[in-house]
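In the two assemblies presented below, subunit A is common to both, partnered first by subunit B and then by subunit C.
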Partner chain A sequence: MIATIITLIARRLVAAIPILLIVSALLFCVLRALPVDPAAMSLPPNATIAEIDAKRHEMGLDRPLPEQYAIWLRGALHGEFGQSIQFHRQAGSLVATTLPATIQLALAAMVIAAILGLGGGLILFRVRGTILEPAADLFSIVLLSIPEFLWGLILLFVFGVALRALPFTGEVAPGLPVPHITGFLLLDSLLIGRFDVFLSACRHLVLPAVALGLAFSPTIMRVLRSSLFDVYHEDYIQQARLRGLSERRILVGHALKNAALPTLTLTGVQFGILFSGTLLVEVIYSYPGMGNLMVDAVRNADLPLIQTIGLTYCVVVLLINTAVDSLYVVLNPKLRLR
Partner chain B sequence: MTFELKRRAFLQLIMGTATTISASAPFAGALAAANDAATIGWPNDVPAWDPNQRFTPDAQPIFKAVFDQPLDQDPHLKLIPHLIKAWTLAPDALSMAVELRDDVTFHNGDKMTTEDFRYTFLERNKSGLKLDIANSMRKVDDIVIESPNKATMKFSSPAPTMPQWLAFLGSYIVPKNYIESKSLDNFLKSPIGTGPYKLAEYELNSRIVLERNDNYWGPKAKIARVTIQIIKDPSARVAAIQSGQVDCTLNVPVREVQRFQQDSEYIGEINPITRVILINVRNDLAFADKNVRLAAHHAINKPALSKAFYGGVAVPLSVLATPGTPGYLSDFTFKYDPALAKQLLAKSGFSPDKPVKIGFATTNGQFPSDYDIARAIAQMWKQVGIDADVQVIEYAKYFELNRGNKLPEATLYSWDNATGDPEIFSGYQLNPKMPFSPWKDEDIGNRVLALFNVADYDKRIAGYRDLERYAVENGATMPLLQSVVTVVRKKKLAYTKYGNGWLLPQTLQWS
Partner chain C sequence: MPGPLARSLRSPRVLIALGMILCIAGCAIFSGFLAPHDPDEQNLLSILTPPAWATGADPSYLLGTDSLGRDVLSRLIYGARTAMLVAFFASLGAMVIGTILAHISGYFGGAVDWIIGRMVDVWMSFPPVIFSLILMVGLGVGLSKVILAIVLVDWTRFCRVLRSEVLIVTRNDYVAAARLLGFTHWQTILREVLPATLPLVITLVSLEMAIAVVVEAILSFVGLGVGADQPAWGQMIADARQYVYQSPSNLLLPIMAIFLTVTAFNLLGDGLRRTLDARLAETGR
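Right after this comes the complex of A and B.
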């Protein structure tokens, strides 16, 4: 099994190189086609035309596009993704600062989505053929039709403003420090032994993570239900019944394991979409992640930063897909090499 | 059995965790309510921690907490000594002698001297760094140091507004030794100033934590710890103040302020400030015709705009100056007269049935109700015979379009002038050598350029007052309204109100 996984990861890493090259080239070309002038925008407003031309030359913007891309690529391979026009800092450093918050949020949201999806899918399947089935179906469709940003606003209003039960701005309460070790606040707070910071960080994570989780769970629910329908037609289910096992035991102990495999694949795909879906939720909750940074970058036409964030999203999705496929191998013995 | 036990334990763990998380609710709230701390919901993060780098009006109150300016303004915007305790501008405005305080230290204990003053306002600009302060200090030829506290600024041409600029955007003294020994990058990560607060923590796009500087040379801040929570969305700021997560916030929609004004726990304010909402115009294309320009101005019902979008608090303006500032003309009104507008357009062959077509650019979200104001104006213009195509542009794009001569005939714009001096109102807005206005006419341009070299204060102010009237009467600019800043705060949290809208952390206090 280990050998299979290592082989799979190695293949994926090799395949990732051309994918990243294509994505970065596409991003580069699309951004350069926009009607903005990075040279002018990186200078004070009173810059003369001559100063802007000089800056354009310094940035290589007067060279042919393939040459510009080659210059960018050479820098990227050395970890330099360009300087943010807005912040006057390396774009890579800005992304590195904000990425852990987004990963933390996405992971928390995915856990919630998985729990809700799993539980909801089981319930949807259990009530099939009963009087509750139409209501359960309608409920899952309603959940599916509400996007994450709308959930964000609803939860903010209900739990943040009306009930004042949970905070909805930032990562941690004012007055509490933010430790910087790994960049993951939940982990860092435990590493320094500050349980109060850990709890505050958890409380600040609840609403945005639930908003995302609620938006992505219905798809998991419905796919799991479909998979269970398929699995229940298999012979071994009948055999389990003949052996006298309870329906709950058959569902959870036998059917679920096999129905989970396609659900797992979907969950992996969903995670990639969820990761990019953090953007609006981060803005609503003033959560200091990469999505919030991307909104700033787009508003200020900060091309180097947009490019770096776009590429980071691509890398994260590739890594997620690789992780999901590896997990698939662990769960499905048929995929293991002999 | 084993499965049952595992499931029970799992459920118990979930319930226990949920209870603990919600039970920690009062803890965080108590800290924010303590009299030695306050939290402000702020609309934007600082662009960077180099205060000389970018002229960002919204960031100035934060910079003023950590850094100090050579001169300052009182709440009525009168220029007052600060790090400079005395200054003398030469009669020809070609030099200015300054005397700095000798009891000022940076947050790391280093004494502030004229070396730092020279470094900030001369050496940094000459080193090739692209700083916005290079614009305001472009006339500084040299700063001659006479002692650790005395120096003389020498200018290449008359700089009559240098005192005003030493209290304006970007003019903060930074530590020469600290930056040169530790590098600029390290300064940006751990900035130090001479201000009433030290920067204790900074999380990009999240929060700025300030701690009182107990060695401050001036009046100590009343509140020991101020957290500036970056909340970009106006609705989220409203929600934050309503739920008690912040103690004060600003730039929230006017209708929300009016709602808070009915709540006894809060104070909602709509304060006029030294910021002008105007329409910048070109002197060519469809606006080459003076009749069209003047007609467009006469057709705008400014009191109606103020009532619709600012609760009637924004003062309609006829000149590029706000009430109470030296350049303001209280006896001049450019009247709202749609009938006159139609007559002027008719002279040029236009009418509501045969309208003149123009482009009208506006931002959306750059300042309160900007897009809505543009649409309202477009409707007013339609009534008289001007067909405006409203185009949304990003603020960041404005200068680029202007440089490339690609702005349309009219652009809705907002211009901030914390000093109130007319040079920074109409002088900058109508200066053809500056990037702010698309108006490139030589007549008005030459008048403006001449005023930049007038050393005598009274003569200079009189000149600007004449210029403002002339510019409006010739359709070179269309001032609309004095802008407002909205503030919502808890009733027990007071602050000093400034005429330019500054909400300074060092003036906050709990009653």
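Right after this comes the complex of A and C.
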């Protein structure tokens, strides 16, 4: 079985390569079509035309587009993504320092989305056929229609500004040290034994993570409810009832186990979307992750950095989808035979 | 059984949503009459004044002023114009491209279908927010640029969903009959396939409008939206985010505006989906 899974993952990864190539080429073309000149931008304003031309030649900007792409691709395969224009640092290392913060936020949000989705889905299922059903239904529609951008702002307003219950700027209170060991602040603060930093980081993570989690829980809720509906039409549920099992045991022991599969697949797909949703939440809460770096790069037309971050988002989303596909096969015996 | 349109207009969801949308659209169309001030007029002597019911308010600014002394109410009303323009034209554009490609893809099948399908795959492997940000770097700020960016990102939403619907419709006997009667392919698509997929198209447009409103707000919030000369809810939020303790209402009001608009479009989409789709309407779910 392990061999099957490995073959499957390998096949998915190979299938992702052409997509990545096309995406990176597309990204390259869009960014080269811009009316900005990276050579002129990386020189001081009093540079002469000749100096700019020399710089253009040095950066390879005077060559044909396919050749430029080939040069960039060769560099990318060696981990060289070019130099950021505004920070004068390697774009790859800038991404590497901000990516852990974004992953930490995405994971925390995913856990919250899963808990809310599971709880909400069970509640939606339990109220079926009662007078509460239309209300719960409408409620889930309203929840479904609020994107993470609005949740971020609403939570910021209610808990940050009106109630002043939680901090809403940055990843840790100002004045506290920010250790850099693994890049994951929650882990690092424990590694250096600073419990106060850990606590502050947790408090700063609550609002962004909940905002993101709330935006993605309704889809999980609705899929869990409809898969539970489907499962309850199966014969084995009737049989369990005839055997005299309590409704609770039917739900926990039989129905939930079978309804979990479609829910889990969807949760995985959602995780891919959720990951790119971190960008907005990071901007709203000034959370120092990859999303804020991206917006910074976009505002300053920092092409190498935009390109690197854009590609990183695509790669992470593709990797998540590959992992979800494989997990699906592991959990679904019917697919393993093929 | 009443027609689908009449059925839709009796659904409370659709009616409530239409009422809300009419109000917002009214603000958008008549913003010149409704707004008490010029939305760009700065009054640096009275910046960040609170709404009229709070202490220290200036009665000529009903909902207070922002950090440049501009009237918040007027900016909210003109912001509705920006949001509605983007919602209308962006979803229309995405619909036209997505629907045409979906019908070609699903009807003809084969190599065309494969190419369009792979195009959608590549497009969708790009997270939409990242994609639209990158496009805005390329296009520059401005109302038409925002619309274009949304169209270029979101046509896939229509294409993907509609293609499978077209596939189902095309298998019907009446489509084959139309071909036997001597209809050309294009006549068949226009007269036989499109009417059957239209309910889904309308529903998708309504949902896309909600998405467009949010995307416009996001781009304006980041500073890559319609541009500084055009009032937009996203800009108002970005401005208020900096002075959140001095003037919390400035943050709350545009959030509420976006929330109500998005909810209205989604409610409309949900109501239409339930009433226009014959299969859903019969089961009553």
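In this section, the second predicted complex is superposed on the first by the 331 of 338 C-alpha atoms of A that agree within 3 Å, B and C clash if a C-alpha of one lies under 4 Å from a C-alpha of the other, contacts with A are read in each partner's own complex, and residues count from 1 in each chain.
Keep this in mind: contacts are C-beta pairs under 8 Å (C-beta built on N, C-alpha and C of every residue); 3 or more make two chains touch, one makes a residue touch a chain.
As the structure is a prediction and not an experimental result, all values here were calculated from the model.
Aligning the two structures on subunit A places subunit B and subunit C in clashing positions.
By the document's definition of touching, neither partner reaches A:A96: not subunit B, not subunit C. When both complexes are overlaid on chain A, the residue A:A33 reaches subunit C alone and has no touch with subunit B.
When the two complexes are overlaid on their common chain A, residue A:F157 makes contact with subunit B and with subunit C alike. Shared-chain residue A:E171: touches subunit B; no touch with subunit C. When the two complexes are overlaid on their common chain A, residue A:P288 makes contact with subunit B while staying clear of subunit C. Of the two partner chains placed around the shared chain by superposition, subunit B and subunit C are both touched by A:R299. When both complexes are overlaid on chain A, the residue A:G277 reaches subunit C alone and has no touch with subunit B. When both complexes are overlaid on chain A, the residue A:L318 reaches subunit C alone and has no touch with subunit B. Residue contacts after overlaying the shared chain place A:G310 against subunit C, while subunit B stays out of touching range.
Overlay on chain A, subunit B versus subunit C, candidates 309-317, 399-407, 417-425 or 435-443: the clashing stretch is 309-317.
On subunit A, the surface touched by subunit B in one complex and the surface touched by subunit C in the other have residues 156-157, 160-161, 283-284, 295, 299, 301 in common.
Listed in rising order, the residues of subunit B touching subunit A in the complex are 20-22, 24-25, 27-28, 31-32, 37, 39, 41, 45, 47-48, 50, 53-55, 130-132, 134-135, 188, 201, 203-207, 209, 225, 227, 229-233, 236, 239-240, 242-246, 394, 396-397, 399-400, 403, 434-436.
Touching subunit B in their complex are the following residues of subunit A: 36-37, 40-47, 49, 52, 86-89, 94, 97-98, 156-157, 160-161, 164-171, 173-178, 196, 199-200, 202-203, 206, 283-288, 292-293, 295-296, 299-301.
Partner subunit C is touched in their complex by these residues of subunit A: 19, 22-23, 26-27, 30-31, 33-35, 141-142, 144-147, 149-150, 153-154, 156-157, 160-162, 273, 275-277, 279-280, 283-284, 294-295, 298-299, 301, 306, 309-310, 313-314, 317-318.
Those residues of subunit C lying in contact with subunit A across their complex are 121-122, 125-130, 133-138, 140, 210, 214, 217-218, 221-224, 237, 241, 244-245, 248, 251-252, 255, 258-259, 262-263, 266-267, 270.
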